[in-house]
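There are structures below to look over.
The same chain A turns up in both complexes below, where it pairs with chain B and then with chain C.
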Partner chain A sequence: MNGLQIQGVSKSFQQNRVLSGISFEVHLGEVVAILGPSGCGKSTLLSLIAGLEAPDRGDILWQDKSLAGVAPNQRGFGLMFQDFALFPHRNAFDNVAFGLRMARLDEKQVKIRVGEVLELVGLPDAGRRDVNTLSGGEQQRVALARSLAPRPHLLMLDEPLGSLDRTLRERLILDLSHVLRRSQQTSLYVTHDQEEAFSLADRVVLMNRGRIEQVGSAQELYQHPASIFAARFLGMDNLLEAVIQNGESGSEVVTSIGNFPLMQPEIHGKVTVLLRPDAVSISGDEECAFSGVLLERTFRGSNWLLTVEAGSSRLRFEVPVSANPQPVGEIVCLSFDPARAIQVYPAEAE
Partner chain B sequence: MIVTVIKLNDQGKETWRYQGRLLAQDAISITLEAFFDREDRDLHGMCLGKGDRFVETYYNDRWYNVFEIHARDDDRLRGWYCNITRPAQISGSTISYVDLALDLLVFADGRQIVLDEEEFAAINPSQELHEQAYQALRELQYRFRDRLNHQGQQA
Partner chain C sequence: MIASRTSQRSLLTLLLWVPALVFLGLFFLYPLSSILKVSLERAQGNFLAPFIEVIQSPSTRQVIGFTFYQALISTVLTLLLGLPVAYLMAHYAFRGKALIQALSGVPFVMPTLVVAAAFNALLGPRGWVNLGLMSVFDLAAPPIHFSNTLGAILLAHVFYNTTIVLRSVGDFWSHLDPRLVQSAQVLGANRWQAIRQVSLPLLMPVIASSALLVFLFDFTSFAVVLILGGPRFATMEVEIYNQTVSMFNLPLAAALAILQLFFTLIMTTGYSRLANRSSRPLSLRSHTVTQRPLASWRSRLWAGLLIAVLLLLMTAPLLALAARSITQFETVRGQAGSIFQGLTLDYYRELNHNPRQSLFYATPLTSIAISLGYASLTIVLALAIGLPAAWALASDSSSRLNRLLDPLLMLPLGASAVTLGLGFIIALDEPPLDLRTSVLLVPLAHTLVAFPFVVRSLVPAIRSIRPRLRQAASVLGASPLQVFRLVDLPLVGRALLVAGTFAFAISLGEFGATALIARPEYPTIPVAIYRLIGQPGAVFYGQAMALSTILMVVTAAGMLAIEHFRLPGMGDF
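Our next item is the complex of A and B:
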């Protein structure tokens, strides 16, 4: 069933175009992450969905009905963000009860619901505790419980874990994912952190400079980054300038490290080639697709990270522990399956 | 169309009244244009000049209003002054609102300053009023959050 639909939404502030032609959907019960660098328009998008601002163009629908003209408090959406601090000097119960009391629930129902959500976030006994005595992680859980309590149709979370340290964040992401799924909470999760997005979301909307670069599952994004931006943002930066040329056995990609068969026949002219860091292996001379000088090798427990200088580029690859690379300074031969290792993009406009 | 704005204090007593020109109206909000008619003053680094153009939006369902301030000479955006208020009463050509002292000042570059928190505390708000006011403040802070990020990024 259709939950949230964003259809061709654009928004400018004065002369600044913040969002351009944004379209995607969130199905009921689904957790979708909006991933992108700071300033890509993520928070403005949530402001539009929440109804705090109105789009210049396009429409936002909930269950096939347009939300144009529907006031923020009539949408039944919840918004949780990092600096949305809890009310200090109040206990956890009163903080969680806030939205329920605003909705004029009677105290008996308030008590039942607060108990349920505190239980859900793993703090069944925290109700009476002053929030100032809670740890950072516990405060985030109470804030989450407060957002979940009114049973929002859609819960929007904007960098909710942003202020916490890395270790605590990693633990809370898993808990959060668990809580959202257990309560079948339709959610939009905004973050600049790909690990957070990947470990939490069913699908990811990747944004850059107010536009959508790609929508898909974490696996789809990682296996087939749709643009140079997507590849770079996901940490794949073996990018080579190249041209397409017709060779004896079909089209070839001509790069500074060698010529490779082209698997995407629709592309012509100047291109940028991504050489996936995880799709290359060390080989003997006879299978060598290209070679380079090994500049660095780092043992990382589950694999080796190699830095290789080939052509005039520095490329990084991950190879299995069993690959047993030669010492730094020697020539290393590398091979790959072009269908898996190479992705070709039209060259970036200058 | 000329619209009259009446500002009331938390006791419901009228503290200011002025007129503006209607720019837009829908079921939940009304936007008007008015010109600053007090002497030039410096507001935490934002200069307000007599004759500055204020584009003011009031809502009948939100606990704030938003004044977008443009310089009198070249209409350059100076920033936004947002009042935390009870939801505005909009009837015919009259808007009245109860001001709750708490304000948010947003500069054109996106910086934000919360003003008059002590003054709000001094009206001794009930727990519900206190929470409602801060909820509104946070909603506003969120709404203006991306402005900081998008300076200089042209359409």
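Our next item is the complex of A and C:
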């Protein structure tokens, strides 16, 4: 059965296009992450789904029924904000109970359910505490409990770990993932942090400037970034300007560091080439695909990080520890499998 | 060495406090204690007896009851208008909002006499609405009875105090994190439930404190009740005045004043408790996050309606006043209504007219000169006494002396104007301090009223001078006096201008105390307006309008100057 469907949604604020033509789906029981830099429209998208704002164009459906005109309190969705928005005038119990009381549950059931969710988030005894005295991590858990308590059809989390420090965040990612899985909660998770998105989500929606760049599993995204933006955002920045040339043995990519066979025959003219940092190895002179001056080598335990100047570009590569690179300042010779290491994109418009 | 320097410094602080302490002691505490003494004259051993007598007497009990009653209704009405507008201003961005915000501040600073005259010009028997209705429907008498009604008092109070609700509640509301309400909505609360369960509880302290402040102002309202309410209505403030001026029953007036002071002290204590009880630690946000355009036609309709009501209430009386001061009407015998005679500046020219050729009659023009004189003296006095105190307060905020004396400066705000006037009458008309005929009597009273404002606007400016600047100047060879003249004074100049303007504007508009202590041959502008408005005849009425318009324009100009010159964050109360 279908869960959430977003169909061609656009939204502007005062002539300012924030979202254009957004379409994707969230299946029941699935955790989908919306990943993108700040200002890409993620939070606006959540507001639209929650019903706090209305889309200018397009439609949002839940189980095949349009949500247009349905008030936020009628949708049965949950939303957890970045800074949690706990009601400062109520204690933890009353915060968690808020949604249940709005649903007119009797107090006995409210008590049972609040106890359940506080247990689930690992704060079974926090009920009577003043929310202003809770630590950041505790606030996050209470906010999560509050969102989960009314059993929302869909739970939306807006950068739920964004305001916490790094160590706490790493611990909470796992806890959060655990809670969402255990309650089989259909969720939409907004973040700008790829690590968070990759470790939590079944699928990732990558957004940039109000558009979707790519949808897929973490592995798909990482192995085949669909655009220059996607590649850069995922930390792959070995990008070279190039042109496609038709040689005798098929098409070739002509770059400043050498010519390589083209594996994507549908592309022509000016292009940008991504050289995956992890798909290159050090080789002897005879197999050399290209060479450059080794500027820097950093031992990182599981691999070496090399900075190589080739042509006029600085490129970075990760090679296995066993590769044993030569000292800095010498020429290194590198080889790769073009099918795995090279991805070609139409050149960026200037 | 160090010890002697600190003791030197605290000695200097103490010296700087001396003028203010002497001033407040002589002209605030001494008069108040005199009032208490007079009220206890009839005590006969039981010092509560005079007050019990006041409460038990049916006539004064009625006055006390009415004082609470009208203040309560006024406050409720003010909230009924103020809260929706505060919501609108806090949550929506629309064109003309800045203008509305600026306009909504105007009524609050207007002298009470101007407000009374303005409502008279709009709705009184000789006001625009009645004249209009009379000429349209050919009526012989004004159809709307506005003067001398409770409605007039309430309307003027709402006019005055809506600003308080708008400013305090509106400001807080606009910074309230919208996500709290959104969270409630997502958790199943509808819009009204979200406001009731989340916004209102969080706003409650600020709503309560502004309601209490509004109530306090309505409770001690004087000129509005005296002029618009007429003889039928009297608040305690008006009754104190009447007992003093008409009945010469000083003991009763004094007992009433003490009783009123008791009530207002309870309220001010409650107010500062509420205002200080820093509501919960809220994450407040900037305006831009919380504001959105008016999208649906229904919200536009509501917003338009609210703003129309607000603008009508805030601008119509003042515009009516200005227009009435330059329009002539003539009543023609045997004909209903009045006939429009055209625009005229006659009322302004008449201000210099002495109808009885009497030597003792002060023309309205003279009152302007007298007011300007008193206002100048007030500026000098207020700055001379306020500047040292502000300096002491600003230079060392941690000193025990300062923390002890700081609340003392705000004390004059707690006593009503008429009470101050009564205190002057009782205390300062006999040795050791006989100021009955002194030109300083009125400026001293005005200084007392202006004093808290003057100090409060000076302190932040003085604090803003970094000690490094002074040190740099003295290292470069400037003597302490030169440092003051070349560094401090230019930097504090703007604040002095603001403080001086406060003193000036307050002196020009003050009526409650002045009405009691001004000598008949030396009326101030408000006193002259009060006399003119009570006289029969179109000429006197026109003169009252003209004089009120002048006072309105001068006050507005003063307040504009204050807005212009004051540094951000200054003069907050």
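One rule holds for everything that comes next: the second predicted complex is superposed on the first by the 343 of 350 C-alpha atoms of A that agree within 3 Å, B and C clash if a C-alpha of one lies under 4 Å from a C-alpha of the other, contacts with A are read in each partner's own complex, and residues count from 1 in each chain.
Here is the rule we use: a contact is a pair of C-beta atoms (placed from the backbone, for glycine too) under 8 Å apart; a residue touches a chain by one contact, two chains touch by 3 or more.
Computed from a predicted model, the values in this text were never measured in an experiment.
Participant: Since both structures carry chain A, what do chain B and chain C do when superposed there: clash or fit?
Facilitator: After superposition on chain A, chain B vs chain C: clash.
Participant: After lining up the shared chain so the two structures overlap, which partner does A:55 touch, if you call chain B first and chain C second: first, second, both or neither?
Facilitator: Neither partner.
Participant: In the superposed arrangement, which partner chain does A:43 touch: chain B (first), chain C (second), both, or neither?
Facilitator: A:43 contacts chain B only, not chain C.
Participant: For A:69 in the superposed arrangement: first (chain B), second (chain C), both or neither?
Facilitator: first
Participant: Could you tell me if A:14 is touching chain B, chain C, both of them or neither one (first, second, both, neither)?
Facilitator: both
Participant: So in the superposed three-chain picture, is A:127 touching just chain B, just chain C, both, or none of them (first/second/both/neither)?
Facilitator: Neither partner.
Participant: Looking at the overlay, does A:137 come into contact with chain B only (first), chain C only (second), both, or neither?
Facilitator: In the superposition, A:137 contacts neither chain B nor chain C.
Participant: Output check: A:98 vs chain B and chain C. Expected answer is one of first, second, both, neither. What do you get?
Facilitator: Both chain B and chain C are touched by A:98.
Participant: Is A:277 contacted by the first partner chain B, the second partner chain C, both or neither?
Facilitator: neither
Participant: Given the touch rule stated above, what does A:160 touch, chain B (first), chain C (second), both, or neither?
Facilitator: The answer is neither, since A:160 touches no partner chain.
Participant: Which residues of chain A are in contact with chain B in one complex and with chain C in the other?
Facilitator: Residues common to the chain A contacts of chain C and of chain B are 14, 47, 52, 71-73, 79, 81, 83, 87, 98, 102, listed in rising order.
Participant: Which of the residues in chain C come into contact with chain A in the complex?
Facilitator: By the definition above, chain C touches chain A via 177, 179-180, 182-191, 193, 197-198, 201-202, 280-283, 293.
Participant: For chain A, which residues count as touching chain B in their complex?
Facilitator: 12-18, 38-39, 41-44, 46-47, 52-53, 69, 71-74, 79, 81, 83-84, 87, 98, 101-102, 158, 209
Participant: Flag every residue of chain B that touches chain A in the complex, lowest number first.
Facilitator: 26-28, 61-62, 77, 128, 130-132, 134-135, 138-139, 141-143, 145-147, 149-155
Participant: In the complex, go through chain A and note every residue touching chain C.
Facilitator: 14, 47, 50-52, 71-73, 75, 77-79, 81, 83, 85, 87-89, 98-99, 102-103, 132, 146-147, 150
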